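Please read through the structure below; I'll follow up with questions.
So that you can tell them apart, the chains are marked A, B, C and D in the order they are listed, and the count of residues begins at 1 in each.
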């Protein structure tokens, strides 16, 4: 049993590769720009990560069932937009607007779910078409013009409770709630079961259709919530808002460890994934990196994280191999 | 119902001010634009389509969604449909040349609106030079910043850069640098902030940049549509204050939209570069309709829009030359 | 005893072809009923109807005298039917406890009551003598352990009728004994058991009544006590089978074709050495966890080997899987579904997969379709694969036995000097088993060496020239055919394990 | 399941050789490989009365010419999807390789642009790229593009095959890095002044058709319709080669085997890693050929070519054609039809003169409708009706 300390160190590195990389990123940028590790900036990172992060938590539900939702970017736009109309024309107020946004997201998720579960069209195609449809519907509603929210929404977006900015509170609440649902409720465990083997889940008496429908509703609701919380900080919604974000959202979820083939992933992982990507982006701004190089460096750091994760997976597989005699 | 009616009322604003000669016969015009995602393009789009329709022409619209290839395909579809003339807002100068050639080869007159092709010799071309307009706006900002300087250290400028894949964004960035080169002893190296033309990205990056560099003396945004974003970062930090009050950051943008007009009037910003949207639209329309009238299949003409900077200094005299202020006066922001 | 489930003139047709012909049968409450029959005899169709997977074409099912028409599996579950399938329906990403409670979690305030779940699971597991924690993830369990979790699931549901479909194929003798004890206890509790198995000795030993199906018809229903295995076989196949095992056609040659010298891999193997002669069938027996499959994978180059040397035909055997195949090693995996077959690909594509490169014509490796079709058709005939058009029919549509023939068949398109057969008869019916034995004999007769790995000692004793026994990654001993003794071999296989020193992974 | 189910052999008995009824014929169309083609043609016929321009020769020529570049790229994606992968980096490869080709071939470059460009400036100067005016320069430039694209694809493949990294993430990173690199290379500029012979590859006609009077002295250009063009030749050649590779070679069989069950393929001696690397290389090379066609018809090397929704069009067309995202199921002919459907869809949306505010909605609805029909069809096949 030589080198067990080294073995243990190796195990630590590989098992927590993503987290260690995260710490490394913070340290590297911190030495370059000390303000990076200041409490204000760390708070900012989490605040800015909340946008993609909240949606990524929703995406984890969908990915767990081996589905995919490409429409999140459009839902991020249309959900808050409908909430905006409700606030402006019916005076529902900020809290009402938030509920309307989430409800609108749930309806959009319901449309996806109907097409996927009842009509049995593959999720990729369904959400690809609703990606166009939802954004098109928003453009139709606004004639492609910007939408200005009532002033009160900014007070909400920029508010904080006991010094903690509201977006962070929502991010934390969503993360914790999703974690509890996924790990502690029957529904959550059934989501994992469906993603592992849909046919077996049906045989075991799980209402597969209902589980699958729910994840799309959850995903879209959270995407709309994410959009609303971001827009609440700005007060104005442009037609291009959220475009192309589906890839950021999926990347955050996958970076945290969710598998596109279903059954693997946690809400916590999406939170980590989104925060890490945001930390890199913020770090590149802090170090004044050339704008042309920023996306390249971002890409390479994400690559490093995915690489570490694959090393970890390979190692896990080796560890899983059953030893039948003492080593 | 109120929702819907206000919406369409909004769409009708910009049309009235264009004076376009009524043609002898109604023509079918293909209007291919690259995108409708900011106020500027929406206003331009509305101006052109309304004017043509009111003059009795048929307008066929094509939105390329920022895809040059798709735009080429759309223009070809228009040609196949047998339109009389084409107006394009190209994705960029290079694809514009190809599209102009395509139209002229097929004997369809074409006008290029707002973004100049890299080859100016063919087609009716309305040129607005992003770099020079940006440079005019930034020059004013630089002078303001120098005038307001306390102490004699160098000033720190910041620019919010647009999508690096968009030549307009790059032109504006070049104009910004060109203007600051005139004051080499007064400014530090500018801080660049990427926005990718996306409000959420701009929000995150600007917040990071301001946290990293709290002392900013001058801010230029490559597009006016980001002012609400800037406000949400600056306001909590006490940096969003009008001219003349302590803590005011000298600020400007480019586009000349209604929000910029309002902020200029309220004193929060100091200048914005303006493309003379109505002039450009009117010139393009008149030229293309004249060519159709004359049966000219390959009209070539360069119409220059020098643009200008609307600043806190010339606000009174030139206000109504800016399309955003026209919209504002028509109640655009009072939804 | 009351009748729990009865069938009256039950009939099922697929596309007009009857799979079950007017079956009339009563299942009495509290009985263990053995159901036997060859593949295609109608067992699965019958079970699918009980389980609500398919509806009968005509006829009636009654549950305690009431009409019984399950329209979906959950209807059957609600009535108290539990299935323990040969192919497991477990969620590998969940824990044992979660698998057991997956459709009915105990909840407190909307949250899963983990403590209650754990406790109940621990009880169930201890009934089955499975000594793992309820929170163990299923993907870290061995196939046999997973089977026990399935059984725990049915026990948990407190099912009235439990249908075991080939439950013992992946169990060790000890686990099998435990399972049989459990079944006895269930019977004592008044449960009704349908026990489907190809291992007729087990059926006889366990059942009260044995039901024999052939060609969709009931051909025999007799008390197990007076129903001997040869009679069962006769009833199943409609004629007397010459024997369970074919006679070996040729004696092993003298030359040593394959040898393993001092193989060691930390945690897996320790100093394993053995030879196989050309034309010899070497049996490898060991309990689950003895290292038999692990060694097979090492020989085939799938898993690493730290120390030791392999030689085939006097040349060292090294490199990865492709090198080994090129050198003439063939490997029939124990996991047909995950590793053996392209389930959704046509049978012909499965058969040709290993040798496909030989059918490419230079320079572009364009397939020689004529030759390929000819060879696959030939193989289908040779191996008596019961299939329609092998170019369109997917492997999934085949019965277990025929699927296994495809897994073996793909290695027969080319010549191999060493065949590693890992559990080649698992889940295969009597007739197909015989064919697979005959095939092993043919390979040996043609001069290849065969390493025959099985947990059914009986078949090793029937087929092999020698049997090697492994335990905990070590070779415990070697028996020549003349010295085969079930008791001695089993004793050796239990080896140190009997001393009860568990080693954690 | 120890018993065999009913063997489809008995289910699929030969139909009697009588003349099929209308219903049978309709069923056969519905169930055939050519379904998406029939669907497209039906869509075409239904819209014809409403859109008179739809069937005019100029429009047909447009539809065809729009098909070729997308088809080439989608063919590459078909290979990747068949091994249960996905290639998100194709769009960025299109942009990057178009820049590589243009950089080597451009006849001149403007000095102020050059002064900005870091690497580009080393390769190209005011007298043009290193291969400008060189005999055989175009062939060399194309070879360089294919090498560059192929390298990117091979890098994707290596990461996926050897480190078992998920294809989605690997190619997503490649997409981010390569498109940023392309923009960095030219500092956002597009490269023009490409040689005429190069441009011909994207635009040149070989056979054109004119339907007017023969004795007219000057035939208006807009009445000459391209019929056979270089892009058509290139795309059809690629399609035929790809079809043969996928359906008639050892390699093709191995691709399907990996897509169906990677583990089983490995154990059966399929060189899994090599095939995966090759498949991703093919995908990137197809994207490169697509880049050639796109950039020559736009007469410029553009770093942003292939941005935005391009990728969704590529994958959408491939999947609508019938190739499965989960591997083991794919045909080049399906992709041809899927691309045809997508191109026809966007052509008709253009011709409908919808307000730009409606187009996205209609597009979304039509994609879903097409997919629904496909689901119905699959159910019919499964149900054996």
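Convention: a residue touches a chain if its C-beta (ideal position, glycine included) is under 8 Å from a C-beta of that chain, and two chains touch if they have at least 3 such contacts.
It should be emphasised that the depicted structure is a prediction, and the values quoted were computed from it without experimental measurement.
Participant: So which chains are sitting against subunit B and subunit C at once?
Facilitator: A, D
Participant: Looking at C-alpha means, what's the farthest chain from subunit A?
Facilitator: Of all chains, C has its centre farthest from that of subunit A.
Participant: Just curious, how far off is subunit D from subunit A if you go by their C-alpha centres, in Å?
Facilitator: Computed from C-alpha means, the inter-chain centre distance equals 31 Å.
Participant: Mind checking the centre-to-centre distance between subunit B and subunit D? Centres are C-alpha means, answer in whole Å.
Facilitator: 34
Participant: As a quick test, compute the distance in whole Å between the mean CA positions of subunit A and subunit C.
Facilitator: About 43 Å separates the centre of subunit A from that of subunit C.
Participant: What parts of subunit B, by residue number, touch at least two of the other chains?
Facilitator: Each of 36, 45, 164 in subunit B touches at least two other chains.
Participant: Residues touching two or more other chains, restricted to subunit A: which are they?
Facilitator: 139, 143-144, 292, 294
Participant: Got the subunit D residues that touch at least 2 other chains?
Facilitator: Counting only residues that touch two or more other chains, subunit D contributes 179, 183, 187, 308, 356, 359.
Participant: What chain-chain pairs meet the touch criterion?
Facilitator: According to the stated criterion, the contacting chain pairs are A-B, A-C, A-D, B-D, C-D.
Participant: Touching subunit B in the complex: which residues of subunit D?
Facilitator: Touch residues, subunit D against subunit B: 53, 56, 58-59, 61-62, 65-66, 69, 179, 183, 187-190, 192, 220-222, 294, 297-300, 302-305, 307-310, 346-347, 350-351, 353, 355-356, 359.
Participant: So in the complex, the part of subunit A that touches subunit D is made up of which residues?
Facilitator: Against subunit D, subunit A makes touches at 70, 115, 119-122, 124-126, 128-137, 139-140, 143-144, 244, 247, 250-251, 254-255, 259-260, 292-296, 298-300, 302-303, 306-307, 309-311, 313-314.
Participant: So in the complex, which bits of subunit C are touching subunit A?
Facilitator: So the residues of subunit C in touch with subunit A come to 73-74, 77, 83, 89-94, 98, 102-105, 107, 110-112, 114, 139-140, 142, 266-268, 270, 289-291, 294, 303, 472-474, 503, 505.
Participant: Show me the residue ranges of subunit B that touch subunit D in the complex, using the header's touch definition.
Facilitator: Interface residues on subunit B, with respect to subunit D: 33, 36, 45, 60-63, 65-70, 72-74, 76-82, 92-95, 97-98, 101, 105-108, 118-119, 164-167, 169-170.
Participant: Mind pulling up the subunit D residues that touch subunit A in the complex?
Facilitator: 88, 159, 163-166, 168-170, 172-174, 176-177, 179-181, 183-184, 187, 308, 312, 315-316, 319-320, 325, 356-368, 371-372, 374-375, 379
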